[in-house]
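Chain naming follows the written order as A, B, C and D, and within any one chain the residues start at number 1.
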Amino acid sequence: MESLDDSALSLAVFVPLVVAAAMLLVPRENETAHKLMALGATLATFAVGMLILARFDYGASDQLQFRVDAPWIDVINSRYLLGVDGISLPLLVLSMFVCVLVVVYSWNHFPEPHNPKAFLILILVLETGMNGTFVAQDLILFFVFFEVVLLPMYFMIGVWGGEQRQYAAIKFFLFTLFGSALMILSFLALYFSGGQTFSIQELVAVAADNIPRSTQLIIFGGLFMGFAIKVPMFPFHTWLPDAHTQAPTQGSVILAAILLKLGTYGFIRIAIPILPEAAMAWAPVIGGLAVVGIIYGALGCLAQSDMKRLIAFSSVAHMGFVMLGIATLTDFGINAAVFGMVAHGLITGMLFFVAGSVKDRFHTLELSRLGGLLLQAPRMGWILGFCAMASLGLPGLAGFWGEFPAILAAYSPAEGLSEALFRTYMVIAALGTVLAAGYLLWMLQRAAFGTPKPEFAEAPIADMHWPEYVAWVPMLVLILVLGIFPGLLFGLTDGAVGNALSSFGAGG
Amino acid sequence: MLVNQFLVLGAVLFSIGVYGVLARRNGVLVLMSIELILNAVNINLVALGALQGASGAVTGQVFALFVITIAAAEVGVGLAIVLLIYRNRASVDLDEVDLMKG
Amino acid sequence: METLFRSPSVDFHAFAPEIVLVLVLVVLLFVDLVFEERGRWATSTVAGIGLLASLVPVLTLAVAGGDRSLFDGAYVVDDFALVLKGLFLVAGYVTVLISTDYVAEGDYYEGEYYFLLLSSLLGMTVMASARDLISIFVALELLSIPAYLLAGWRKRDLRGNEASLKYYLLGVFASAVMLYGMSLVFGVTGSTVLSEIGDALAGGSSTVPVVTVGIVFVVVGFGFKVSAVPFHTWAPDTYQGAPTPITAFLSVASKAAGFVALLQLVFIAFLGQDDVWAPLFWVLAALTMTVGNLIALRQTNIVRLLAYSSVAQAGFMLAPLAVAASIPAERGGIANATEAVVTYLIIYAAMNLGAFAVVMAVARKTRSGEIGSYGGLFDYAPGLAVLMAVFLFALAGIPPLGGWYAKFVVFKSLLDAGTGAAVALAVVAAVNSVIALFYYASVARQMFMDPVPDGDTTRVQVPAALTASLALCAVATVAFGFFPNLAARLGDVALFGALP
Amino acid sequence: MLENAWVIPTLTFVSFWLILFFGKRLPGHGAEIGIGALGLAFVLSCVAVVQWVDRPATEVVPHGTSEEVHGEEEEEHGAAGGQRGEDRQVVATAVETGGHGEETPIRSAVERNVTWFTIGDVEVTAGTAVDGLTVVMLFTVTLISLLVHVFSTNYMHGDVRFTYFFAALSLFTTGMLLLVVSSSTLQALFGWELMGLCSFMLIGHWWEKAENSNAAMKAFLTTRTGDVGLLVGIVTLFFAAGQTFDIALINERALTGAIGHTALVVGAVGLFIGVIGKSAQFPLHTWLPDAMAGPTPVSALIHAATMVVAGVYLVARLYGVFWEAFDIGAGGVNPIAVVGGITVLIAAALAFVQDDIKKVLAYSTVSQLGYMVMALGVGAWTAGIFHLFTHAFFKGLLFLGAGSVSHAVHSFDMKADMGGLRKYMPTTFVTFLIGSVALAGLFPLAGFWSKDEILVGAAENGYPVFELVGIVGAFLTAAYMTRCVYLTFFGEYRGHAHPHESPRPITIPLMVLAVFSVGAGLLNAPGVEKFFEITENRVFLLAGVEHHSFEVFPAVVSTVVVLAAIAFAYLLFFERRLPRGLTRRNALARSGYTLLTNKYYLDHLYTGVIVGSVKGAIARAAYWFNQKVIDGVVNAVGIAARRSGDWTYRHIDQAVVDGAVNGAGFGAEGFGGILRTIQTGRVQQYAALLFGAATVLALGLIIFV
């Protein structure tokens, strides 16, 4: 087991990539082989994830475990440095989990122009990028993995997407690239001002003392741009609705469930621990943009007539809660943020799944044309309702734990932050929960309630079939279980969050 | 030494050459203008070399010789190209050579 | 007089790569003469094998180690020279691979094609070692003159003629300007050996206008070679009109040669004059990447697009030169910038040659250079489409493809300097890397997301040599991305030797 | 059972899942699971009640605290700290040693907590806290819910979503039970929101029709708006009470002055906003009448035992906070009492003009909730809770009765489709009448006792205005219920269906509830006062809340008022005399003269109120105000949100934010297009550019460097 521990993370990252490479060699026509290989790869990766879960030392969740440290780019002192702690682990496992489900869901849901080979290869490459980002402990390695996801997602949206796919794809790509260009500049600035190392751990230890405050502020600004665009925070969010709306279902799910988390994860893993002073200075701005995002995203949702676009806009609002939690710089807030990330991943991922299946059946997501889903496909309709409830933060479902503790934390932000300001944020965020309920219920009402519109009244609409069950039920169960037993996740993240916040005064 | 005069001569030649390159429409005349620039270079090299004493003078002259030699080769190639243009277009007006732009 | 004209002792090992190349040139002439039409296929084989053969002494020199200085320091074989020679020869080899079928299937003579190609390469290998104004000049002309001819190799093609003419006229004009600048530099310093010029100029904290003019003119000469804006105007037209393999060659090897000369001149000869060249390169770098990228946005021809892209890439490579002087000496500012440029060149060579190889493969079917003709390529030639995407996104600098590390080292040297100007340039570069993505992605968009324009979906037959070149470039591009150390190590060791 | 109270909500929760997954395949379509679970839960609740009653009173709490005693403790408790057990001990000892005055032993609450999760050094617990209030609520909720379940087996028979309906009922009950047993505010929030969800599901049960789903959304969104306040309140109290959600601890610290007054007021106001939303208090009450769109049993459940009373329960549960924050003990006026009082009156007035029997009952509920809130607001804690308890039975009875009626006539319209039903459905009629009388508050039915206590409490705690409000409310209540009974059961049948008595599953719950409606009030009758003894708790004593026993005078007054109201309504509706002319009115005034002393005052009152109600001036105006203004505002807020969303999206998001992005893209391309013109294709222009640039650069460097 020892050796397995050493290679577990490398396996988790590279198994999908290796299988993807192997799939290149299998002819395109042999679709079953591709499906099986992709499923095998994601399952194997997930098995590795389970192994990591099993062998993770929960008592030391604030420590990096399963560490790998090997030379990579000697010239710039960048190392192949992997590890997981309580913050990365849930996200890593979530990523593996979602990938399995996406492959399962794909079984008979390949969007036009079909081509399962290419589609599944992209999913596997995406998985490598996502898993890698969550375990990388070296800034350059992080950067590479962070960017690896761009290409597959670009192609996934651009090739398999909706009518505006090309515009949406390039917009997504350009936006993110812009952010990451500034991000890499900041990484380099950290390298030079923080003792010529890219190791996150070392930087956490030394950077705060070595970098003057003014420099910290600028570097943080660069990191902020990189991560905020990925999150996305208002006003860098405009790529998101387009990308989500145009992406194929699987793409939307991965985008919502995992990709957006890369940005928030970056804040928690890199920006805040390394540059605490700057984080403190930036926190009011981040918090402000976060609450603007909450309200703004909600207003955006209310204006939508397309179900998928509505769900997409809701991500802006939800990620606003996550960012608000982060901006408080308290253990409550950041735990909430991590929880919110996982919850949003599951819930919005599910919403996109459902939206995709609705689109499959009705060939439209125009809310004005939908209606009576509960009559034609009752199970799917109830699942939509369940997810809407989870998404609006109903206690007892996972979404609540991303919102409530964030609101809670805003009442009493870290020492040094303006209480009055953050309490204002808190109230605004709380109002955002009402708006969230408003648009989600409105969507639910339009899509699921009422009777089918005449054009679909006679249409043979099938209820769920097995790939949908297999893909969705685990997510639904997790949404419920995490909602009732938040300790499962908080127990994991708490230590690591405490670690990340070690440079702050006791907040909250 | 009359270095300055040589330098001025060089500069003048250079300027005339540049003017020729930029203003003449005939390809062959442009080639000749380039030769003027190269000769300006040669004058500079020799004159400035002489200013530097014996070793410098030799170096300058050797450099000038290289320039002269290579210029010859260059002009040969250049004439070949201009001829080719003439053969295909029956004109050596450089303004007409603008198939590719933007 | 003996002191001036003593018989030089020649280190033949140091010269071995060039000697091998000359021998190959002779063999090529011989093959061309003897075998007549039927045996002309042999010329490409000979050229290819010859290039590989000339790599051998490069390797032995590398193994032997140590710096070798010949002709009073006019010709130096150090690690820098070896790395660059290796790069030129490999790039040349790939060019030969790309050319093989193109030339064999064309209507023109084969023998002279490879002869000219190798002559130009010979010039480049000389350039890598040239540390004297005269040898630099000779190397420059040796690599340029065959290139002028190669650009117009398709003699009956009007565009080919035009490409050749523009390249030639501007090239010669630029070298003339450069020579004028050299003459001024020589006049002030009294030497043509770079290190001596460096010593002479080092003390001059007060810059003489003549020196400034000299430096600017010299830089202009090579700025032309690397197609830096505003000396880039020849590049798109020449690239478009020249045979595609030659375009690839020009955009990679010729550009690399220009950078080699710039590095040598700036870091050895003009080292003390950084208050002249640092702002100069800052302006050139910023202009080059910005203008190149912006114009590229509007291109509809794939070769012209790649031409502007290579202009923009040159801007990135110029950036480290702009800040080299600001990097503290203890961190090795010169070494740092050299490393950045060389690393960039190596990675750039792989991806750019690869992109041109795909262009050639696709043109075999479509007979067009219009980007529109790439529509639906993924449907009937998925392999080529994927490879093209790999190369294009590598050029755009998207990890995990090689280009990211190239961009990264540039950013690294910029931030290492850390001055306001350097950071500003870094931001300009960052924004540019985003703009660049747009046009690279637009080609990918055509290939993957648009329908086939003429509905013709017959498969593309890719001949073996082209396949080999594609594979070589693709493997290198991807490998550089995953293991940047491969390129980084080469960039790291490519330092100027301790000079006599 | 007291330690294991968690079993009760768990039962119904499990039942929910079982019905959901297996219900359809069972012969009873899942109803049997629901009834079984609820039956068991009811039995367990009864056990809990018995155990609680048997529990020896051991805990000693001084009756009435004064802040000076605990002044020195303040700092200690103000400091952050999570070990509540210890803190409790400290307080308790402090109280014991420093306590003075009489010491009454009470039954100590049974708490059982487990760690839910830990963040930083805050350990958040989940668990149950059972005291008298809890067991009473458990009993009420499970009983009503059980009866509603039974009722529904018949009432909902043949419904398309029968099984699903029962699942939702189970979940609904779970929500309320969870709230009731919660030991922490956070956990209470779970139950609270769970009920919101279920009300959404059940009100919108027939979601095929848009108005039903609209009503469901309105209910959810309105209560959710109130929940913003609740969230803020919970958060504020969490920090103010030293990072804890524990209800007992928060109460304790609020009462001992450990929480700063500002925080306390913010917290209390926040919580109360939540209560206003949930318990349909003015001005967020408009969702409740709309909620009648749901099946009648749901209305019964919502109005009698769950959902709307959750707000009242929350105030009662966190009474320490409200007591301190609004200084309830001091008398005079406070927000809770005011909101409650306004609600009592306006809702009662509105009940007059409804033709839909369920809407009458709905406004009646709003009004009665106003009573409860007002009772809590005036410091009559026991009375408020007692009223909650009795109201549950007769309101449940009335709703189920209305359901029974509608089952017979397939309508809820009293004017169009009812009348004279007493002949056709005697059981329903009798039970409905009992419920009405109980609601009106006539001796000796349940409502009489609890209402009287509220009046007594208001009077004795220095809230005379609210006593008056209570009396006026009683008058209105009696009057509109008379009208309701008259329209439904008297006169001639006006409908077209063939009314018949409902079957047993419907009538049995009616009868059971009728029994409770008659008898429940006796629990707190003079000499018994069992209810008071059972519910007495620590907060109650710490705060020094007074218990007010039955008093004759207000009882007589309210009885007279109620009788008068019935009389007027009788005259008005049964005999149709009043509208006909002045003489009759004068005759009435004369008869009133014998009863009351001030003729002019009375005359004025009569003219105003009765003419008003007859012609509908006041009530209709109130109704207009309610529908157009208050409800209009509620709806307008929704519309405005949509509009502003639209506007923001169109003009800000797409035009400015996204426009900037796209603009940058077009700008870059356009700029590229301009730059392209440099590339003229003319070689000499290239050369000129080359040389010109070289010259400019050289000159620039010479000049500037």
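Assume contacts are C-beta pairs under 8 Å (C-beta built on N, C-alpha and C of every residue); 3 or more make two chains touch, one makes a residue touch a chain.
No experiment lies behind these values; they were computed from the predicted model shown.
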| item | value |
| --- | --- |
| Where chain C and chain D overlap in contact partners, by chain label | A, B |
| Pair joined by the larger number of C-beta contacts - B-D, A-C | A-C |
| Label of the chain whose CA centroid is most distant from the centroid of chain C | D |
| Closest chain to global C-alpha mean, per-chain Cα centroids | A |
| Inter-centroid spacing, chain D versus chain B (mean Cα positions, whole Å) | 97 |
| Centroid distance [mean C-alpha coordinates] between chain C and chain A, Å | 42 |
| For chain B paired with chain C, centre-to-centre distance based on mean C-alpha positions, whole Å | 26 |
| Chain A-chain B separation of Cα centroids, rounded to whole Å | 64 |
| Touching two or more other chains - residues of chain D | 665, 676, 679, 681, 683, 687, 691 |
| Per-residue overlap in chain C, given as positions that touch at least 2 other chains | 165-166, 169, 173, 177, 236-237, 298, 438 |
| Chain A, residues touching no fewer than two other chains | 174 |
| Every chain pair in contact, whichever chains are involved | A-C, A-D, B-C, B-D, C-D |
| Touching residues (chain side chain A, partner chain D) in the complex | 171, 174-175, 234-235, 237-239, 296, 298-304, 330-332, 335, 372, 374-375, 389, 394-396, 400, 404-405, 407-408, 411-412, 426-427, 430-431, 433-435, 437-439, 441-442, 445, 448-451, 485-487, 490-491, 494, 497-498, 508 |
| Contact footprint of chain D on chain C as seen in their complex | 165-166, 169-170, 173-174, 177, 207, 209, 212-213, 216-217, 220, 224, 230-231, 233-234, 236-237, 275-276, 279-280, 283, 291, 293-298, 435, 438 |
| Chain A contact footprint on chain C (complex, rising order) | 339, 378, 382, 389, 393, 396, 398-400, 404-405, 408-409, 411-412, 414-416, 418, 423, 426-427, 430-431, 433-434, 437-438, 441-442, 444-445, 448-449, 481, 483-485, 488-489, 491-492 |
| Parts of chain A lying in touch with chain C, wherever the complex brings them together | 28, 71-76, 118, 140, 143-145, 147-148, 150-151, 154-155, 158-159, 165-166, 169-170, 173-174, 177-178, 181-182, 184-185, 188-189, 191-193 |
| Residues of chain B touching chain D in the complex | 18, 21-23, 25, 30, 94-95, 97-102 |
